[in-house]
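Sending over a structure as structure tokens; questions will come in a sec.
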Amino acid sequence: MKKLSVIAWNENVHEQVNKVVKEIYPGGIHNAIAEGLRNQDGDGLLEVSTATLQEPEHGLTAERLEDTDVLFWWGHRAHNEVVDAIVDRVQERVLQGMGLVVLHSGHFSKIFKRLMGTSCGLKWREAGERERLWVTNPGHPIVRGLGDCIELEHTEMYGEPFGIPVPDEQVFISWFEGGEVFRSGCCWHRGNGKIFYFRPGHETYPIYHNGQIHQILYNAALWAAPQGAWSGVMNAPNVPVEHAREKIRRKGESLHAEGEEGFK
Amino acid sequence: MKKLSVIAWNENVHEQVNKVVKEIYPGGIHNAIAEGLRNQDGDGLLEVSTATLQEPEHGLTAERLEDTDVLFWWGHRAHNEVVDAIVDRVQERVLQGMGLVVLHSGHFSKIFKRLMGTSCGLKWREAGERERLWVTNPGHPIVRGLGDCIELEHTEMYGEPFGIPVPDEQVFISWFEGGEVFRSGCCWHRGNGKIFYFRPGHETYPIYHNGQIHQILYNAALWAAPQGAWSGVMNAPNVPVEHAREKIRRKGESLHAEGEEGFK
Amino acid sequence: MKKLSVIAWNENVHEQVNKVVKEIYPGGIHNAIAEGLRNQDGDGLLEVSTATLQEPEHGLTAERLEDTDVLFWWGHRAHNEVVDAIVDRVQERVLQGMGLVVLHSGHFSKIFKRLMGTSCGLKWREAGERERLWVTNPGHPIVRGLGDCIELEHTEMYGEPFGIPVPDEQVFISWFEGGEVFRSGCCWHRGNGKIFYFRPGHETYPIYHNGQIHQILYNAALWAAPQGAWSGVMNAPNVPVEHAREKIRRKGESLHAEGEEGFK
Amino acid sequence: MKKLSVIAWNENVHEQVNKVVKEIYPGGIHNAIAEGLRNQDGDGLLEVSTATLQEPEHGLTAERLEDTDVLFWWGHRAHNEVVDAIVDRVQERVLQGMGLVVLHSGHFSKIFKRLMGTSCGLKWREAGERERLWVTNPGHPIVRGLGDCIELEHTEMYGEPFGIPVPDEQVFISWFEGGEVFRSGCCWHRGNGKIFYFRPGHETYPIYHNGQIHQILYNAALWAAPQGAWSGVMNAPNVPVEHAREKIRRKGESLHAEGEEGFK
């Protein structure tokens, strides 16, 4: 069986400029995620690679994306440096069927805002407080191997209201020591693609060295993997009268000349 | 009671350049819609005005939008002439609570694609064929006053697959003489705003002079009217440690300096 | 304008047998709810009455339900004493368009389980702990007049997983002192009716004497009010060949004789 | 890899009493479905068996259901002969994670109405007319191997409004020769289980001998297969104060004695 092709993408900025982050993730968050996925992959189902903002085309060429099954997205400080043409390309691939896992501060990434259509805003606080992620659907493939919750001793708080469309499936809701709650694990279908937003991950805490987080990311990769392809998802084809399934004849006026493209 | 402030917006291009369209809509589609809404408004609930692409800021200044309860959107040929800053503005108002009714070819408008996050594509054919819109939820406020379906003798066909997120409520599904079907009346909630997509409306047929269509548009205006406001929907406020609802103390490292803005 | 007809229904059992509950709600929880609604109703929009399990037909005759716009449901100990024929009747009215507000332990009522189709289970603990209900959609009509959260000093805890279909709209999520979270305010559409589940309300705490709770219940009554009616929602009508909208002739074999009823 | 255990269930009544049906399905519809699934199963992924209403416990003992991954449901004339205890059992297994595929007239089966919570009603006509099922999400696993639609020359018509909760995913919408439309392929998640409703199948037409129908049923079996288990889905566990994740002490009055069961 062909392995699932997975990319861990990272803007890779804080690791270069912030001493604390550099110490926690000397190889960059993308490599911590990639290693976490590989560690979980005893069955050899994944082929994991990385890509970063600084590479040509952010490491996401059309050819490479064409072969990608699931894309993990980490961004925070440099959302606006991601060029729109690459966002277009990722969006098209998601709508065709590629899985997308958006992490933590990626809630404000261009690609997530593009796919949600909403503000994607939230409350936040950096106090290193305790977070407990409750499983709201035991037996969901993304929580395989977990108990009824997981605890993280030091996290950044994200609080409601979270400006998202109602999730198709709710997987986690978080409790915070300081008194807030947050929809921390949310699933959507868009086009033929699956999207998972997963909250934990602040870069000044070693979240991506945590085995339970690795387990969830691995489960999410398998869940988000394409089960089919809608290759022409961006098309808007004309159906000529003579190809109508039921026999009809043209009646009345037209705006378009025969065979003319529609407006986009 | 304050009347609902409604704008019928139109790119107003085909009416200027296409003889057939000009004859059917000599005052422009925006005025046909506005008159239809006024004709239905025996109870005096609406204050209807129009706006077009050609006006400064497309007639949609921040001040005017601030006071707008429901916006009707007609566009077809000039989607790309709508400037992005106005799209941003309309999106923000929808997320705050303004209603949006997107008509026919508006499926490919920037604002609809922005709010949906999907391709918004479909199949199409101009053959003046018969369309029958079936009510899928009798008693829904948008179908008030209708029977179990409405028929339009000459319409452009739109066919599935329609590249949209699953609607929150399905109101109409269309049957076409040539053999296709289409989700013709779809409702979504985004942020605090309501969105209704309504399919009929090709500009070479007198769809917007039809009383049943007027009835539906009027119902849609009432349905989409705001029932509250989320004025800060685009914000992402920091909650300082000392304002946490439960007493906590700062633990561990931070990425942000005290009081610093988050990244967007 | 005709007032909205609202019933506060209560099984009214604990108030009779439990000293603590009797002291807190000497007139029964139904009257506390009814008074709370009336106190909020400065605009005179509601006509509020009560009904209890002990009345003939539980106080919910067909005639009375026919005239009811919104039904509040409190039950806990006597869910199984509600007769199925009344549950059928309430379900039909909800599908036609009547609003239903299910309170606290009503999550295990027959009518709620009937409309959800799921387990409706949850975790629970009676420790009088603090609960904070966060608003997840500011500007939603149900949170009108509230800030970003409300706090209840002493409540029973309900914890996830809550065995419900994904809500159409999420209005509140709760934080509990003991470390759990819960989807405390959830909206669904079923048929033409609106359903709101609202968590707070344990009978050994004076929850229904709290003004903020009254505000929410009042808002919920207005939100859940019918905006139309689907009177034949339980029908499955045959469409005779000669009444088909498109001219067809009968082809092939039939299971049913002409005019025979379908199987149910 | 363990094969998926699939049961094709049939009330098996019309095949005994109706000459036309007996000729088309001499082995019963359950065997036609089972053979169709086996024919598609070149990869040997399924273990298919059958069960009928007439068997003890309708062939659905607790032990057998415990081992079942996907259940196909055919019923029409004898919905009310299915005993409620078996419906409870099937519902519990679906909520735990078992897949359920409900066919045609099964829209009025007890198990489907139970899981939907709505009327499940529709319009119908037996005229042997043409039906065309349009794919609304190309690339969905259930439409694998199909083109943009499938055509059935002779079918019973089902028309909107269909009394269901809005589907989580729409896979097919039907066009009928007589002028109606219908949501013919609908997906829902309930608890941890997946449900697929598939419209075609009238017993006086050889629908279940059609290869494209076999393909869809096979795809549906793979789609609906469990990806995890929520074994305690019907539980409502008490969490004792001393087991709270955050240290709390009991405050205020309780309704339940220590260790007492909750009310159901």
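First chain written, first letter: the chains are A, B, C and D, and each begins at residue 1.
Everything below uses one rule, namely that a residue touches a chain if its C-beta (ideal position, glycine included) is under 8 Å from a C-beta of that chain, and two chains touch if they have at least 3 such contacts.
Predicted, not measured: the structure shown is a model, and the values here were computed from it.
**Student:** Which chains sit in contact with both members of the pair subunit B and subunit C?
**Tutor:** Touches both subunit B and subunit C: A, D.
**Student:** Where are there more C-beta contacts: C-D or A-D?
**Tutor:** C-D
**Student:** Farthest chain from subunit A, going by mean C-alpha coordinates, please.
**Tutor:** Of all chains, C has its centre farthest from that of subunit A.
**Student:** Approximately how many whole Å separate the CA-defined centres of subunit C and subunit D?
**Tutor:** Going by mean C-alpha positions, subunit C sits 27 Å from subunit D.
**Student:** With chain centres defined as C-alpha means, what is the inter-centre distance between subunit A and subunit C in Å?
**Tutor:** Comparing mean C-alpha positions, subunit C is 36 Å from subunit A.
**Student:** Can you give the whole-Å distance between the Cα centres of subunit A and subunit D?
**Tutor:** One centre to the other, that is 31 Å.
**Student:** Residues of subunit C touching 2+ other chains?
**Tutor:** Within subunit C, residues 132, 137-138, 159, 161, 166, 168-169, 179-180, 189, 191, 230, 233, 245 contact more than one other chain.
**Student:** Would you tell me which residues of subunit C are touching subunit D in their complex?
**Tutor:** Contact set of subunit C toward subunit D: 14, 18, 20-21, 76-77, 79-80, 91, 95, 105, 108, 114-119, 121-129, 154, 157, 159, 161, 163, 165-166, 168, 177-180, 188-191, 202-205, 230, 233-241, 244-246, 248-256, 262-264.
**Student:** Report the residues of subunit C in contact with subunit B in the complex, numbered from low to high.
**Tutor:** Residues 96-97, 132, 137-141, 143-144, 149, 151, 168-169, 189, 191-192, 223, 226-233, 245 of subunit C touch subunit B in their complex.
**Student:** Which residues of subunit B touch subunit D in the complex?
**Tutor:** 132, 134-138, 148, 159-162, 166-170, 173-176, 179-181, 183
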